[in-house]
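In the two assemblies presented below, chain A is common to both, partnered first by chain B and then by chain C.
== the complex of A and B ==
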């Protein structure tokens, strides 16, 4: 029996690992996106102490390796009496960490947002929240599309760190298979193929979104 | 935390720093070489490099580190943990650096290249005397940004047993049963290292903008 046959028989293990990775990825980036939008909304308007501390928090997160945040949630929180299991600690860490990156990406685009549109919306009687949801957010999300795509690929790669805090995801599957049958080269090649396929798929989706944005007139040079 | 815990944390920070520094040094030069080879558009080699860059950018560092460390012995050569870690970080960062250098080439002023040709400079002299000095300044912000990404990814080498700034916190909490203090100190140390790089990046950006105007 060749090494590839052994892996084919263990395909279930890869598949569960892959599904787990995709679950973690899907759940955490959705949460991260919402957190990013919410932070952007909180940063709207005049500077204040609250906004300044939010900025400091975002910058602090961006200076931290992702794994340290996962360590804080998984090993650090139990000291304070909050005990999360590895899976939820991982999803939470990914969501908060990448939420901060999303917020920073949106903020960069918000700085160059045309002021005239906001004045026009105010003249039409839009409330702050309505103006943000209907006018500012859609344009900013479409404009920052390439950066969001990059960030999604970083988030996918960060899910692999969770193997260190014992989450049973895709890399963990390869690790345990290579331990059982001692065929690390083939097992990891399969897993790298999985990651590669997902990031290529994401790149294609982001490009398709570009066409949609152009049709709806959300892009302007 | 006692004095030996602090000592261990600083040793871990030192491990993270020197392994990252070696990978950055190799990665910046190797990235430039790959960008140069890709400019030549040699048929088969070009496609191989495109494949390498695409794969290396999509592969998580943890997976890459495990792959290199575990599969090296089955291919007939054993690797030291640190060497495997450096190899993984270098393979990853080289791919990103190659793209940064390549966009530096693409955006290089055509006028200057034509002027160099008109004054009779050979391609090598043009590259060495005209292009490279300016490209270093324009690409530096991107390169430093990639360096801070490398340090943020460096905890991946903890998975193959390198005692870096991340893994050392496990060692300390295994003795003291108090995981929070060493993790917080490690966070602060990472912030100092990456904060320094962010500050350097701002300086580099200011210099690059001065050149552009």
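== the complex of A and C ==
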């Protein structure tokens, strides 16, 4: 039996790992997106101590290797009496970490958001929250879509780190098969194929969204 | 404060870093009246207009819109955001640079505030929006996005958007200054039509013949002071100050 045959026999393990990776990714990136939007909203308005602390927190997260955060949540939190299941620790770590990245991406776009549109909204009686949800956020998300696409790929790749906190995701599947049968190259090539396929699919989706935006005349407004 | 004025400004003062931009400005605008504000660049015209809907906060003085004080509540405290938004919704503002929301098509630019601020139903708001588009001559552009419109068309959409709030007063800050000369006329025509329909308007402009044709009252600002306030015929034909005579000479 060739190495590839062995892997084919073990296809269920890959598939389970893949589904688990996709669940973790889907859940954590959705949460990260919401966290990013929410942080952006919290940063609206005049500077304050609260906002400064949030900026420090965001920067602190961005400058932390993801692996450290995963370690801390899984191995560190129990010393404070909070024990998270590996799966949830992984999802939580990804959500917060990439949420901070999203916040920073959005913040950059918010800095150059035309003040005139905000004044128009104020003049039309918009309150801050409604203006944010209806007018600011949709445009910022549209504008930052290439960076969002990039972040999706980073987040997908970061799910692979969760193998070290014992999450049974795609990389863990490859790891265990390569260990059992000693076929590291092929096992990891298969996994790389999965990551590439998902990334390419996401890129295509983001591109389609871009076409949608261009049709609306957004890119030459 | 008299309840029968659309806008009543009382002894308004405003400084930007120690520079007094408005000094004791008082002005009453009756319902249906059109007031144009003239003055040299930097004389405080925009600041005055922007104080009316609290985009700028005056340091002293008071402003009432249809009898309702803006910016300060009955207890004399700074108005909360919700209350302020409610009073602001009674003014319609048209900016020099249009400031349309580019992610929404023309129809949705116009229905956005009626639906999401005033709580109108979508159907009702859209019917009204189509009437307004008709009024500004853009019935065929309902589905277009702002990015695909000319400056004159954008400004007419902005006017329709402000009218959709059924405001007590329309505020225009140099509505044609960002337009190519050949597009100025279409916007001024719309504003003239509005005045004929009895809309209350306060207009900052550099278009003298338009000001003369459309105004009931002309106000001249000089370094933050109102130095003339008169009917257009008096203002343009027999101005009482040398300052205004010089200004008019330069703007033929």
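The working rule: the second predicted complex is superposed on the first by the 217 of 221 C-alpha atoms of A that agree within 3 Å, B and C clash if a C-alpha of one lies under 4 Å from a C-alpha of the other, contacts with A are read in each partner's own complex, and residues count from 1 in each chain.
Here is the rule we use: a contact is a pair of C-beta atoms (placed from the backbone, for glycine too) under 8 Å apart; a residue touches a chain by one contact, two chains touch by 3 or more.
Since the model is a prediction, treat every value here as computed from it, not as a measurement.
*Asks:* Give one word, clash or fit, describing how chain B and chain C relate on chain A after superposing.
*Replies:* fit
*Asks:* Does the superposition put A:178 against chain B (first), chain C (second), both, or neither?
*Replies:* first
*Asks:* Examine A:207 and indicate which partner it touches, taking first as chain B and second as chain C; both and neither are also allowed.
*Replies:* It touches nothing on chain B or chain C.
*Asks:* In this superposed model, does chain C or chain B come into contact with more residues of chain A?
*Replies:* Tallying touched residues of chain A, the top partner is B.
*Asks:* Kindly classify A:159 by the partners it touches after superposition: chain B alone (first), chain C alone (second), both, or neither?
*Replies:* The answer is first: A:159 touches chain B but not chain C.
*Asks:* Touch check for A:139: first (chain B), second (chain C), both, or neither?
*Replies:* second
*Asks:* Examine A:127 and indicate which partner it touches, taking first as chain B and second as chain C; both and neither are also allowed.
*Replies:* After superposition on chain A, A:127 lies in contact with chain C alone.
*Asks:* Draw lines from the C-alpha centre of chain A to the C-alpha centres of chain B and chain C: what angle do they form, to the nearest 10°?
*Replies:* 110
*Asks:* One more residue to check, A:114. First (chain B), second (chain C), both or neither?
*Replies:* After superposing on A, A:114 lies in contact with chain C but is clear of chain B.
*Asks:* When the two structures are overlaid on chain A, which partner does A:11 contact: first (chain B), second (chain C), both, or neither?
*Replies:* neither
*Asks:* For A:65, is the partner it touches chain B (first), chain C (second), both, or none of the two (neither)?
*Replies:* Only chain B is touched by A:65; chain C is not.
*Asks:* Could you tell me how near the closest CA atoms of chain B and chain C get once both structures are overlaid on the shared chain, in Å?
*Replies:* So the smallest C-alpha to C-alpha spacing between these two chains is 28 Å.
*Asks:* Which chain A residues come up in both lists, the one for chain B and the one for chain C?
*Replies:* In chain A, no position sits in both the chain B and chain C interfaces.
*Asks:* In their complex, what parts of chain A are in touch with chain B?
*Replies:* By the definition above, chain A touches chain B via 60, 63-68, 71-72, 75-76, 78-80, 153, 156-161, 163-164, 171, 174-175, 178, 182-185, 188-189, 191-192, 195-196, 198-200.
*Asks:* Can you check the complex and tell me which residues of chain A touch chain C?
*Replies:* For chain A paired with chain C, touching residues are 114, 116-117, 119-128, 130, 134-135, 138-139, 142, 216-221.
*Asks:* Mind listing the chain B positions that touch chain A in their complex?
*Replies:* 54-55, 57-64, 66-67, 70-71, 74-75, 151-156, 158-159, 166, 169-170, 173, 178-180, 183-184, 186-187, 190-191, 194-195, 198
*Asks:* Residue numbers of chain C touching chain A in their complex, please.
*Replies:* So the residues of chain C touching chain A come out as 53, 55, 81-82, 85-86, 88-89, 91-93, 95, 97-103, 105, 112-113, 116-118, 144-148, 158, 161-162, 165, 171.
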